[in-house]
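Next come two complexes built around chain A: one with chain B, the other with chain C.
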Partner chain A sequence: MSITLISKEGAQFLVSKPVADRIGVVRDCAYGADFWLGYAVATDDSMGITLANVTSSILSKILVWCEHYKDMEPLVDGDSNMEFPEWDMAYIGHDMNQILFVLEAADYLHIPGLLLLACKGIADVLDGRNPRGICDLLGIVMDFSHRQEVDMDKENGYWRWFLHPT
Partner chain B sequence: SAQKRGRKRKCPTPSSDLPEAQQATRPKKRKLTRVIKWLEETPTDIMLEIMFYMKPIDILNLSYTSKSIRASLAAPEAKHIWVQARMNVPGLPPLPPDMSEWVYAAFVFQELCQVCYLLCKSQDWN
Partner chain C sequence: MRDVNEDAPSTVASTPHPSHVQTHPPNRYTPLRPPNSNRERIILNHLPTELLLSVFTYALEEDAPVYTTRLRLTHVCRVWRNVVISYAPFWKCLALRPSDSTPHRLAMTQLDFERAKTCLDLDITIPSEVASTYAASWPDAPSIRLSFKKQLQGVEFFVISALDPEVIARIQVLRLRDVSSETRDLIQNQWDFSVPLQRLTELYLRPGWFHSIDIPAEANNLMRQILMVAESLRVLQLDSCTMPANVFPCSLRKLHLTRVTIGSDSDLLSMLTTMRELEQLVLFDRWPDPDLVPPAREDLSISLPRLRILALSPLYDIPDAFLLRALDCPNLKALHLQDNTDEYMPELPMIDSVPGENIMDAVASQPWMLEEICIHGIPGVDHLVIPFLLKHARSIRRLAITEKLYATARQTQGQTPFPEAEEIALRLERNHTEFVFGMTRRAPDASAGDLLPGWQWPMDPADPLELPDVPLAMSSEAKTERLETELRELLCSAEDDSGLVETTVPHRGKGRTNVRRVYLYAGLLYQSPQAINRVRNEHTKLALSPALCDNLYIGKPEWIY
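Presenting the complex of A and B:
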């Protein structure tokens, strides 16, 4: 049995059952009733499931991950020092906007493994950046008053380096 | 001396007449600015999950980005974030009792001289 997923733009993606099982929302839509009621709601394959908050490019990227993990179990919970597989880190990349879109979509679609991977990706991108770099990356507006800047300067002198990096 | 023109606006109750406690609680005027509150807009569980993988220096850098993030990370409720961040660095000595998490992270991880407050690239612990 295969399921048709419809993205925000209306593009259709045909996925098989093991791939669709990785997406929590789709699994509940298509097979959840099978478990609880004894019969499947989505018996008509041509109907499709509309995912209104996910664009085509992000959905195709997410389906690559689901395709890769259709046979094996992804990392869902564990130690923070545990390394993700190399394929995962290459998949998530270092593009912040892309990772944020994947994170948002993974939260919406209930994919815990991909959510953790996206969080790890963001933490890796933020690793080793100074405050101004983080602000540029995430679009944060600095709203410290002059008094607070002086306080922070007194605290550990970090602000001085931040304003005049040598 | 130039004489002031116009009628001087009178304060209905002079501040000197008010009791001290009331003076302290009088709200101050603040400039309203629109701020993108990234931390507030992101769900808390996702934010905690991101910080779960971060090192103390990254959380310290994050706290220098905006007021709201700084207030959230400096709060006593955020101690578990710092504790988890310390656990992400293998072999780090435990927190000394006379230092706060904030100061400890700055002391150990900032490449900054504690005497002249200048950036030092090389750290010679010996």
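Presenting the complex of A and C:
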């Protein structure tokens, strides 16, 4: 059985059942309430499932991950002591824009394993960056309250030496 | 005026990843392409808190012991600061920062304890420091005296903060290792033992390497007092002390004793009979009577229905055979038997060099279905070990044996004698290790501070540093060739003539084995496993293609004690 996925732009992706099973939203759409009865209802793949929030480029990237994990279990939330395989780290890369889009799509499509990988990817890109660098990278505004500013200035006093060791 | 926005020095290695898979940014300070639209900003601004916490959890994975990233994240924006500060698990681990990480250790320690007030379960590590007796031998310079004084102040402040009754009641994990006699006395004076450690479930105690040979009564007394108030202890790791049997709680799930002497009022076997919840029993560096070696008692049966892991080292043939026969633990899955025959530490006494025939007989008589086996150093019993290993060949998931033993098993059983094993660790002989990896043992340099004052290398000049030359049955080249054949079988069988490897996935596809990882380990090699593709150099003599070695590591896997 194959399922057609339609991206935001209308591009069609024909995927096999094991690949589609990795995507929670697609799984729910394809099997519906009868999933628990053990058979599929969406046997006619000509209609396809529209994923209106996912662009073609991100969907194709996500399908690469789903294809890789079609027969294996990815890391899940409980595996906090496990390291992501090297394939995963190479897959997610260090392009923050890409990772953010993958994160958003994985959240929308309900793919927990890919969601965690995207979080790990963001954490790796943040690694070693100072707060201003993080703000510049992510477009975050430093919007601290006055009280927080006072507390932080005190912390900076402790911290300055670490950042500028003599 | 937030100076925290300055860049920190880079510590990223400049060499590319040999396997072309980058687990870290090539240069973490290279400006990335900024968000090209507001879309990315919207994604971040609307990120649910739980996802933000997932990101932060990964970012803080290796933040200890300086905790710089944790502070950095609190200086990004209001939301991030609130999320990081209000999430208790980020503040549950309390450990003193290294003395050279900041001159404001006291203030930062105070800040840590303040923020940890939201944590119901604390993980506290009592810091170790240089004992004043050693410091007295240092050069009498004002800067050194000042440094030492600051170090002691930091330790004292941390210990006093950690032993506050309000904090003690929230300790879930306590680590007390390598403390000096000064810190030990401070703990003894500060600790209010009338406060029960209701939440304490894990305790790791080692009085200090200063006293590893002659444990003072004060240290034993302190550890006994701590154990007496730990009512709900589940994990106990005790090192280098003498302890009466009645202080060990029956609620223990994991018991790990190293160089521990059980008090004369009881013995190990009687103590174990009360611990029916025990899941892991590790007895290491045992000296003969009255240590952790059990007395030979035929009438005893020790029922440990939950026991899954048993590790003994070194081995004493007769008494350990009695222990192994007395054990009634049908759920045992991991067995580690290691004798004290470490060829890399010839200065250690050889306690028991008799063959372990009784031990192997006792093990073979048990109906265990073992999934993890680590056996090495038992002299003269290969003829018993091989049938034992082959008996469990279909159930073994993890196996650690000598390469020589593996070769014998392979010779007996044929290729891949352990087809279900997912991780195999092969211990190499020293000469073979040096040949394969081009390593030689470096003698410690006293002038570089490798040795304590007054020590020399070798420890006893009368003893030769090197083991006596024994005529080898096989040359190093022949052993390496044999090892390569074994590794090819274990890692993958689809390497074609041009060196290309067709990827095979365990449990399916073309792979003949289930092996996910193979380790080569020995005393000279890396302590923690390193992918061989990362560390191989021109001296490495293994003629295996890098693609084939994706799952080959050198170093001892973490599951070997």
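Rule of thumb we're sticking to: the second predicted complex is superposed on the first by the 136 of 166 C-alpha atoms of A that agree within 3 Å, B and C clash if a C-alpha of one lies under 4 Å from a C-alpha of the other, contacts with A are read in each partner's own complex, and residues count from 1 in each chain.
The definition used in the following text is that contacts are C-beta pairs under 8 Å (C-beta built on N, C-alpha and C of every residue); 3 or more make two chains touch, one makes a residue touch a chain.
Every value quoted in this text rests on a predicted model; they were computed, and no experiment measured them.
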Looking at the overlay, what does A:95 touch: chain B (first), chain C (second), both, or neither?
-> second
Which partner does A:148 reach: the first (chain B), the second (chain C), both, or neither?
-> both
Once the shared chain is lined up, is A:87 touching chain B (first), chain C (second), both, or neither of them?
-> second
Examine A:139 and indicate which partner it touches, taking first as chain B and second as chain C; both and neither are also allowed.
-> both
Looking at chain A, does chain B or chain C touch a larger number of its residues?
-> C
Return first, second, both or neither, reflecting whether A:10 touches chain B, chain C, both chains, or no partner chain.
-> neither
Residues of chain A that lie at the interface with chain B and also at the interface with chain C | 80, 103, 107, 115-116, 119-120, 122-124, 126-131, 134-135, 138-144, 148, 152, 155-162
For the complex, which residues does chain B have touching chain A?
-> 33-36, 38, 43, 46, 49-55, 58, 61-62, 64-67, 69, 84, 87-88, 90, 103, 106, 110, 112, 114, 117-119
In the complex formed with chain A, which residues of chain C make contact?
-> 1-8, 10-12, 19, 21-26, 28-29, 31-36, 38, 40-41, 43-44, 47-48, 51, 54-59, 61, 66, 68-69, 71-78, 80-81, 101-104, 107-108, 111, 505, 508
Chain A residues touching chain C - in the complex, by the definition given at the top = 71-72, 80, 86-87, 89-90, 94-97, 100-101, 103-104, 107, 115-116, 119-120, 122-145, 148, 152-153, 155-164
Write out the stretch or stretches of chain A touching chain B in their complex.
-> 80-81, 103, 107, 115-116, 119-120, 122-124, 126-131, 134-135, 138-144, 148, 152, 155-162, 165-166
